[in-house]
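Two complexes, one shared chain (chain A), two partners (chain B, chain C).
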Partner chain A sequence: MSALFILIGISILVAAIFLMAFLWSVRSGQYDDDYTPSVRMLFDDVPKLPEAEKEKSKPGSKHK
Partner chain B sequence: MLSENNLCSYYNLEENPGIKTKGKFISEKFAYLDDEAIIQKLVQFSSDSQTNVIFRLPQIHCSSCVFLLENLHKINEGIITSSSNFLRKEVFIVFDPHLISLRKVVELLAFIGYEPAISLNDTVKKKPVSFNRRQIYKIGVAGFCFSNIMMLSFPGYFSGGNIEQAGLKETFIWLNFALSIPVLFFSAADIFIAAWKGLRQKYLNIDAPIALAIIVTFARSYYEIISSQGAGYLDSGSGIVFFMLIGRWFQNKTYDSFSFDRDYRSYFPLGVTVIHDGVEKNIPVTQLEEGSRIILRNEEMIPADAILMRGLANIDYSFVSGENTPVEKATGELIYAGGKQMGSSIELQIIKAISQSYITQLWNNEIFNKGKNEEKSFIHPWSRYFTFALFTIAIGTGLYWWMNDPSKILPAVTAVLIVACPCSLLLSATFTYGNMLRIFGRNKLYLKNTSVIETLAKINTIVFDKTGTITQNKAAVVEYKGEFLSAMDKAIIKMATKQSAHPLSKMIAASIHDEPGQLFTVNQYKEFTGSGLEAVINNIPVKIGSGEFVPGVTGNISHDTGTSVHVELDNLYKGKFQVQHQYRDGISEMIKRLKQKGFDLHVLSGDNTMERHNLQKIFDNAAQINFQHSPQQKLDYIQSLQKNNKIVLMLGDGLNDAGALMQSDGGIAVSDNTTRFSPACDAILDGANVKLLDKFIAFAHSGKSIVTASFVLSVLYNVVGLSFAVQGMLSPMVAAILMPASSISIVLLVTASSTGSARLKGL
Partner chain C sequence: MQVEKFYYDNKIVRNFAYATVVWGAVGMLVGLWIALELVFPGQFPHGMNLEPYFNFGRLRPLHTNAVIFAFVGNGIFMGVYYSLQRLCKARMFSDKLSYIHFWGWQLIIVAAAITLPLGLTNSGEYAELIWPIDVAITIIWVIFGWNMFGTIIKRREKHLYVAIWFYIATFVTVAVLHIVRSGELPYTWLKSYSFYAGVQDALVQWWYGHNAVAFFLTTPYLGLMYYFLPKAANRPVYSYKLSIIHFWALIFLYIWAGPHHLLYTALPNWAQSLGIVFSVMLIFPSWGGMINGLLTLRGAWDRVRDDVILKFMVVAVTAYGMATFEGPMLSLKSVSAVSHYTDWIIAHVHIGALGWNGMLTFGILYWLIPRIFKTDLYSKKIANIHFWLGTLGILFYAVPMYWAGFTQSSMWKQFTEAGQLKYTFLETVTYMKPFYAMRSLGGILYLVGVIFMIYNLFKTVKAGKLVANEAAEAAPLQKEYKTPIGEHWHRRLERRPVQFMVFSLVVILIGGIIELVPTFLIKSNVPTISSVKPYTPLELEGRDIYVREGCYLCHSQMIRPFRSETERYGEYSKAGEFVYDHPFQWGSKRTGPDLAREGTGNLKKTDGWHFRHFREPSSMSEGSVMPSYAFLLRDDLDTSDLPAKIHAMISLGVPYPKGYEQNAMADLDIQAKQISSNLLGDSIRVSPKKEVIALIAYLQRMGTDISKNKTATYNK
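Now for the complex of A and B:
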């Protein structure tokens, strides 16, 4: 039964880790703008192309 | 359409990297951005290698905008990164000041179609909103502690308080003790502060009984734990805090991209071109002094009252007075601030400081300093009754046990205070109004905060502005009456009116469709100020203008309902174009419904009486219609209505209504383009939905009924809880079941009923 003590400790620790993760995500501004990133992810492959290709590549028909 | 254009211009830019931002617009417009003082005020952060700046771009409307704005670094090497915030309609730009100047950045944005909205107001730096984050931290911490305390309390409930393992029960209890401390001191701090503030002003708000309940709950729990009597009510106590914070967060949703408290500074330009000893120089508008000579270009705004020194002034005062037609001014005449010059450049001499000018004087009125009386919500009186009833019961319980079994006084009285927390009362109001705020938002009525809903439910008098509120701003109907015009005739008229900058000419030109494949030469062209124009096109003489200017049309002028422009082609009178203000769709039906409900209706217009006839038709003689009211008169009018115990809702647009909107109990700014600037107000309404006004008001009424109904339900829950408490039988388990059950059921009820009511009302 004394295993329970360890388990309780672990469960609270895990929950605390999640709380920390939540606080970190708020601090880093992830809740400041909950719309733009959903749009941004649709485009973000273009800037990553190498410099030479960048000149040639044209973004496709990505407008709404 | 626009998104395609934007993207197209983007493609063009990419094909020609390094394209210069020439032509297309007058680049002098942003000359003031070279001024060091202005730059200092605009930028957020500046170092040798990079400058950070945030611009408001009202034009952001789709995902393509985000794409374009975040790829600015590909268009110009000087821009290091740019990231946009869609909801706030802002872009954050980091650029290298050695490679590109602030002015160039703004010009680049304007060139690709996103002219930043830079106003005098932006130079007063706003603090970043860290308050919101703090609230989210508090919710996170409360949620974490609440769920863990709940989990650790369950074993005690299921075993009836007898856990066999030695030490396990104590471990649970002391862990709960530790977990509850951040809830009490961090998460619940706001509630205590609000309650304390209310008490200090000798005002019992709803936070006071909640704060009391929280303190009693935690104090008794700590006492029980420390004296090893039991586990206390920590789970219920932290649950109350958690639900309360969620409710607040839900209610306080705000519309980031709107600003509800603008004054004239938001409208006025930031910089202005002054002439000093024959040298043009850009200075911040705040440094403008009496006697300065300034140059105003096309579409620039007059910052202060001035005298016209040189040039042909054609001032559009629609912003100030609601008058649609530009006014022509001759040299030496006084020009009031707030107008916009249309046409060529003019030179002005400033005669009054900005804050003393005619239009800005409105803001010296005390109403703008005092601000609106913060409406006290009707839930506060309710909570007062609640608190009195609660104390009565608590004292009664105490007296009863004092006579029968004094050992039970303390447990019973504290149990009463714990279980009778008015949190479900508060939750019902916050969730109902929070949900209604969203429903209003979906119907394009954007409220400043939830207390506006209560105001809407109270009003009995509605005042409308004319221009831009019940009429549409742009789409005036141009109707031709007279002899038949051939395609050739029409094309000639279009060609002639195109030459003129007069708004009536522009409207007529826009109303005639292009006939492709025809070539015209303008042989002669002459414009007569205030009366019309004369031209010779393809050797055919054309004369277009007022009834007096184009002869042979006497007699039929008096029947006109709008403004008429007469046409003479080849020395023969042809007919007239009637330009009429377009009234918004569904307005007259809406007025009829409002009338049936017994609202007192008024119209306040800054415009002339030309539309009186039409307005009377729409309002069916149900309204008092007033013309030629100055901004100050509008404010006074509202004030006099309020003195007669009317609760006034004002609908208006533009700066000329700013005073009236502020003075009224509820001010709604009507805007065809909600991203545009609107004056200080309580709510912003999309022009297309003015016709829903009666439904909005009806919905606001139903909101109050929903809150009242849920109050009754929460009182029932309290009766159940109290019946346990007065007998001294409130176990932590009963509290732990009753508290979340009542909160959740009330939240579900009010959300469902407010959504259902909106459906019924057709919103």
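Now for the complex of A and C:
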């Protein structure tokens, strides 16, 4: 059953990649803010109108 | 800081959206077609089969591949290209890469649609495509990843929204899965044999197969859910924290669930248990996603009543919840004992495909198309009709299939008071016919709904004009670090997580391949049962016909250790019996009976029976749903590849004598003449050169090795 060990090995390596990604994301402050990203994604950055521009820069900073 | 003006690429989104719609309709149409083939199993015009290209066995992989990789695949790319640009506040990294990705993927689909009906297949479910296409998929996938990571790197938003994490996990894992599963040794420019044999091939297949579900049908769609559901509802996701937690939990757990497809088979027990444990644990992250999706609408359920897009999404997320509750349940051994090989599984996957993937895709299309065409949806009413047709279609599909699966399994297992099997296999098949008909009705409803959608979207597109380059503004991302002088090189790498990840992936894959190839080529295929011998050249050719015709899609070759199975089929299957099976042919569904002991015991039939059965199955088994294979009686066996096949098998460790490539043809002729003269004794006159002779040789060989010595002796 060498396939098993190879698959386990590869699975662990994939998991290791994800672990690295996880550690990076925590260390680099990706999750310091666990609320506003969900609100900020609702706003698209449409240019043109000046008042629209004012609106879009607000919500991101509001909750900090 | 000075804001930068840039443009989102909507053209590529539109292209993938069109492809999603077109291939979706094609994939579903083929699905309906094969469903009707089981209701009307005759050859056209008496039935829906059209030999050889459109027989059930050749069309079924076309259906699954079209739905998974063409419909959902294009749906993924549509959603990713739309949302990734906006979440990163950046245009896609390269228009050229987007273009190559789009056309490359469509060419792959076209190639699949041509090769599968031609019978060019590797036979692993959802991994059927031949090796040149496998290579093309790898290249296009890398291009997709390059484009995606390029966009992530040049993003203007520091935070990576949870959807992006789902996309990254999809890219990384699908790449690894595809490469491991595609381990194959080409022997011509179209055909190859799997590196792995028997149990090993089965394990690799379902490790891949289940993760295709996990990382192609689930993680990217969860990413899409986390973008498009809040957007459509215009409210933030219920708990962003939960989304992060369930993401990491999901990807760490998913990868080992595969062996639950092989419960009670010849796979080592501990590997089965491993699969069960991971599968059961999966309910937590899966339901985390479902709950998060549904609760996003808390306090806004009144809007679901009016907003057809939200309706689609709610049904999708609910279907996801149901399928991921059922999945862990089906992974329990006692449930698997009942459900495996039956239509229950067909119902289960269609809850996922029609409900989760289909309905979410439709919701996204209805939301996205009017936006990129700067107009309103042509008709909410038609969209509502589509919604109800789709929802009813799912129910009309799934309920009869659940019923059928449970009933058939119960019939298989039932004994009379005298201790004999109560039903013949054929009786259980004919009992299924009304259910197959009802299921087709569900399919028709669902497909009609899609046709309504196509009309609605067509009218919407006509009314609007594509905003090919959508203007946007955002401040650039501030550079956080200044490179200190004399810094260690590794520090620089650490600051580039994405490149680091790609780099380590490449390292891992190289390492994996180096480890893999020699092991499989030489060591792992040593026979463990001394009486198990390699196939004769004629049987090998017959086996390749078995693969070509997709027989494994309806016939299993794996008898589980239950009395109801050993009574019906004979001694249960052992791992050591499959050591020369490149690729394995265990199958996953018993629309027809198991064939593992077809050549032995009370199942053995005469050559003449097989011949007549292939010509017209219902002439030997009244009410059979198997299509006719009369073309096997007409077509000559193409033996030109035989030396290459034997050579490839030797390379894979199958112990043919040295230089057997040259002698194989003579042996093949002798055995073919023998069968031909057997048939003559049964008053059937057929040339030994016909394909049917080879297939009969293979069927008569099945399961015979182990019965040669009553108790299997081990070499060790």
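Basically, the second predicted complex is superposed on the first by the 45 of 64 C-alpha atoms of A that agree within 3 Å, B and C clash if a C-alpha of one lies under 4 Å from a C-alpha of the other, contacts with A are read in each partner's own complex, and residues count from 1 in each chain.
Definition applied: a contact is a pair of C-beta atoms (placed from the backbone, for glycine too) under 8 Å apart; a residue touches a chain by one contact, two chains touch by 3 or more.
Everything quoted here is computed from the prediction, not taken from an experiment.
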Which of chain B and chain C A:14 touches, first, second, both or neither: second
First (chain B), second (chain C), both or neither touched by A:39: both
Partner chain in contact with A:22 - chain B first, chain C second, else both or neither: both
Which of chain B and chain C A:4 touches, first, second, both or neither: both
Touched partner set for A:31, first chain B, second chain C, both or neither: both
Contact residues of chain A, present in both the chain B and the chain C interface: 1-2, 4, 11, 15, 18, 22, 31, 33-35, 39-40, 42, 46-47
Complex contacts: residues of chain C adjacent to chain A: 5, 86-87, 89, 159-162, 165, 168-169, 172-173, 176, 180, 196, 199-201, 203-204, 207, 227, 230-231, 234-237, 240-241, 243-244, 248, 251-252, 255-256, 268, 271, 471-474, 497, 500-501, 504-505, 508, 512, 515-516, 519-520, 523-524
Touch list for chain A against partner chain B, complex: 1-2, 4-5, 8, 11-12, 15-16, 18-19, 22-23, 26-27, 31-36, 39-40, 42-43, 46-47, 54, 58-59, 62-64
Residues on chain A engaged by chain C in the complex (per definition of touch): 1-4, 6-7, 9-11, 13-15, 17-18, 20-22, 24-25, 28, 30-31, 33-35, 37-42, 44-48, 53
Complex contacts: residues of chain B adjacent to chain A: 3-4, 7, 11, 14, 62-64, 66-67, 70-71, 74, 83-88, 132-133, 136-137, 140-141, 144, 147-148, 151-152, 165, 168, 171-172, 175
